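Each of the next two complexes has chain A plus one more chain, namely chain B in the first and chain C in the second.
Moving on to the complex of A and B:
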């Protein structure tokens, strides 16, 4: 018989068994693969120790992928945080039509990322896309957007910004609405300017929420894959080849699964720094 | 005067935000009902005088099987994740099983990079011969949805006052009876929200589905990504397929709008 005290453990058991099978075991398996010269087209997979990692660090394409991922991260946060912050401020006010506008503004983040990448191909199309058309209307020249080495990463950033600024907006909005009102009242009595209130009150009070939003967004950007796959597949050349795309191509286009596993592990090492910070924030939120 | 000016400015900005948000979706829907002759014209047309369903007919004739695959995968994933997640969520919320470590380990899996799991899963499934079946996609999608369901349900259950359950126990209700007659009805809205989110997470997922299917079992995102190479400039058809992938999600988003922030931050922000 199962005793009363044991019941909770049995409730957790299915989760643990499934996660052990589909997460823990594959992770260990992936680690062993990363120590082997594992080409899918070749039947034998000899152990080569850290060989895959050494090859990875010697590959200029890997370092390019690190650079592209870093630029993407900086570009996206630099655009989406201030934009989301402003839009959250707009939505925090009372205004006519709020009940319709608020849900509309949040829609993009629900849309399938592959679809977003495809919409990008439509909008940024060089010859007949609406964006170049509008640029021409205001007297600017057409751009090649995702077809040009210079602007391809920018195109990815703009598309992601369309999809994910709503995430920043919704998190920051929830943060703004939960702020206590007393400090604001006394600040007004003391005659603080709008900028002073923002700088000395809102930003410090919102710090945990801002950190959470930025970290969660950052963790997703570092793994960027779907939109880029559809829009450029890492190209032109390697202009938009993020770590995710690079690893995928190594493993499933060139069939060098061993090096792909090594790449994936390097990626997850980078992510684990962010995850640690994220967990710390969540722990303080729990209390 | 100043106040009126700022009011107008705020409305103007909101208007701009709404237009920017809706225009890409509008453009996709527009492309899906424009006659082929009108597509990819320069200058582009911002409205169409001759709406057509030719692309939608193509989708219903040719792209129904990815749609059905996606439905099978996402519903199975949702059912399993919500069931298993609720059990754990209940244990974590009520009994603090595993202290802090276990739930937070599960939480950290929410950011587990699919690219790490996809290599070994591909090798294992290849050996088992289940690549290109719905099961091959259902299994990895549980990696994403189970941690999510556990945390969402943990949050929803923790919100139900313990006293309600204790009162029912004192009145002679069995433990299972309490869960069935007290907890379950109260947590029902939370269950629906969690289920819809799990469905969307699975529906939108791309990398696992891309690697672990080839032709028969492809899901909608894989089908859309593949049309790029296979169909060259069939913009209308791709738009209609993309719209078909988007519409169910949009309907769910309407139900979820109050819970969007909560879902996206795993309950950290309510």
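Moving on to the complex of A and C:
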């Protein structure tokens, strides 16, 4: 018979088993793969210790992918956060037609990234794309956008910003609407300016939500794949080759699954460290 | 008497039904086929009922997305589950799939070549189906590359005279060498407002365009590398497996590619299939380009020249340009690896599987119907396709494409098909992309890097093993 004390353990057991099967097992398996010379085409997969990690760190393409991913992360957060915050601030107010505008703002986020990639190829096409058409209308020259080393990453950032700013907006809007009204009323009585209210009241109160939005977006940016795959496949050259694209090519085109697993683990370590540091900073500032 | 009559009737019914079974030699057999999802799967589904009726075989079609087909099929084959009887795969993977497939020679001999294997166009027969001198697959899709050009422009008397006056030789129709392509590209590249074919241009017009986006730009380099490396082009030295990709000829080929960018539309480094097709065929602003057979089949969609009074649009189709060395013209057509089908070694019903392949891809009405149909996306691969009076009668004007295809097959050259083929080509693609984009200064530096990477891959797979695979690619 199961004792009364053992019942809770039995109740959580199915969840634990499912989690172990779909989360823990693949993680442990991929970790073991990262220590093997695991080529899909070769029947034997010998243990090589840190060999895959050493090869990874010796590969200049890996470091280039790290740099590209870092630039993409900085560029996207730097654009999407302020834009998302401004739009959220506007949507937090009452205005005529808000019920129509609000869902329209969220539409890009609902489009499949692969489709966004194809839309990007049409929008940024050098000769016939509407972006260059508008530039020409205002007297500016056409740019080669994703076809040029100089502007390819910027093109990805702009396209992602178009698609994912609504995500920032929706998260920050939810945060803004949940803020208490009393501090704002007190601030107004004390004669605080709009900027002072924003800087000393809204942003500090919104910090946990900002942290959540930035972390979630940051995670997604670091794993960027679909849009780049369709738009540039990491090119021209390696100008837009992110860690996601690099790992994909190694694992699913070169079939070097061992090195790809090592890349994925390095990526997850970077993510874990990044998130921990970011949360620490936020908590320290809260104190 | 009644009993005897009844017994006779019963014997007759049973006997007839038995005869019926013998007409369907594989009654009750299930054949499982791994196919590329989407349009490639359509013919399999549509023929399933006919196969059931004629052969008694139930077809189990397993669609796999093109990204997954390699890994999923290879995992299944290497685990020796016997799940698939027939697999559809890219012929570039033969080096990896070979241990798990059966050769088809005996099936062909046993059935008196009912399949008409010799009817395949030589390029496909030699570089899709043969491996180590044995027949390992049948071609589904006769994918290759052709040169397309604006014949309406090339035939214009005014342009022909101006070309001769400037370059000192007759405007070549079709262009035969890469050097001619360079002259023609330079000659036809003009700005909006200038004259073209005696009329004013409404848009900028460009002499030439490649599909130069990272990922498949290596093909457009190989179109040059192969003839530039004539008379005996190779990817590797067959005796040592040392890469030849950074030879002086290879460097000259890459320089030609970069030089032609001067006469290509801006943004061409971001162009994939759609962009090239749209610019050349639907916008009509490119004079020459190399592409798969799609344009040849869709010749009637060619847009008029972007001038005020354009001539009737006319698409020129020819084999890809070559190189003249010591007075000899060397031209080659690159045979795209494309899709083939084979019978799996662990299939429990190999004879039935062959009967299915014979039905689908043997010479005859079924194969012709699916090649002619735009639904399948399969290109012609047999003499009986390209010389089909039915096709030529049904589609007036298709002759130019079909004749060009036959001509192009006279001198074909294979894609690389040894283990790691994609990796070799992707490294080539990467450094070509870097060079064209200006990330690397010289063609030599780019190709030296490729050679270095190729050496690493060869070492990883084993030089001797790769040498054996490479020699199988050429065995007839």
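As a convention for this text, the second predicted complex is superposed on the first by the 253 of 287 C-alpha atoms of A that agree within 3 Å, B and C clash if a C-alpha of one lies under 4 Å from a C-alpha of the other, contacts with A are read in each partner's own complex, and residues count from 1 in each chain.
Note that a residue touches a chain if its C-beta (ideal position, glycine included) is under 8 Å from a C-beta of that chain, and two chains touch if they have at least 3 such contacts.
Computed from a predicted model, the values in this text were never measured in an experiment.
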Fit-or-clash call for chain B and chain C when the two complexes are aligned on chain A: clash
May I ask you to decide whether A:185 touches chain B, chain C, both, or neither, giving the answer as first, second, both or neither? neither
Looking at the overlay, what does A:93 touch: chain B (first), chain C (second), both, or neither? first
Between chain B (first) and chain C (second), which, if any, makes contact with A:264: first, second, both or neither? first
For A:252, select first, second, both or neither according to whether it touches chain B, chain C, the two together, or no partner. both
Pick one for A:209: touches chain B only (first), chain C only (second), both, or neither. first
Using the touch definition from the top, say if A:128 reaches chain B (first), chain C (second), both or neither. both
Looking only at chain A, is it chain B or chain C that touches more of its residues? B
One more residue to check, A:12. First (chain B), second (chain C), both or neither? first
So in the superposed three-chain picture, is A:232 touching just chain B, just chain C, both, or none of them (first/second/both/neither)? second
Looking at the overlay, which bit of chain C runs into chain B, 61-69, 187-195, 241-249 or 313-321? 61-69
Identify the residues of chain A that lie in both the chain B contact region and the chain C contact region. 121, 125, 127-128, 252
Chain A contact footprint on chain C (complex, rising order): 67, 70-71, 74-75, 78, 96, 204, 213-215, 265-272, 274-275, 278-279, 283, 285, 419-420, 422-423, 426, 430, 433-434, 436-440
List the residues on chain A that touch chain B in their complex, please. 4, 7-9, 11-12, 14-15, 18-19, 22-23, 25-27, 29-30, 33, 86-87, 90-91, 93, 95-96, 101-119, 121-123, 125, 127-130, 133, 162, 166-167, 170-171, 173-175, 209, 212, 216, 219-220, 223, 225-226, 229-230, 244, 247-248, 251-252, 257, 260-261, 263-265, 267-268, 271, 274-275, 278-279, 281-283, 285
Give the list of chain B residues in touch with chain A in this complex. 10-11, 13-14, 17-18, 20-25, 27-28, 31, 40-44, 46, 84-85, 87-88, 90-92, 94-95, 97-98, 100, 102, 104, 106-109, 111-124, 139-140, 142-143, 146-147, 150, 175, 200, 203-204, 206-207, 210-211, 220-222, 224-225, 228, 235, 238-239, 242, 245-246, 249-250, 252-254, 256-257, 260-261, 264-266, 268-270
Per the touch rule above, chain A residues touching chain C in the complex are 40-41, 43, 121, 124-128, 142, 144-149, 152, 231-239, 249, 252-255
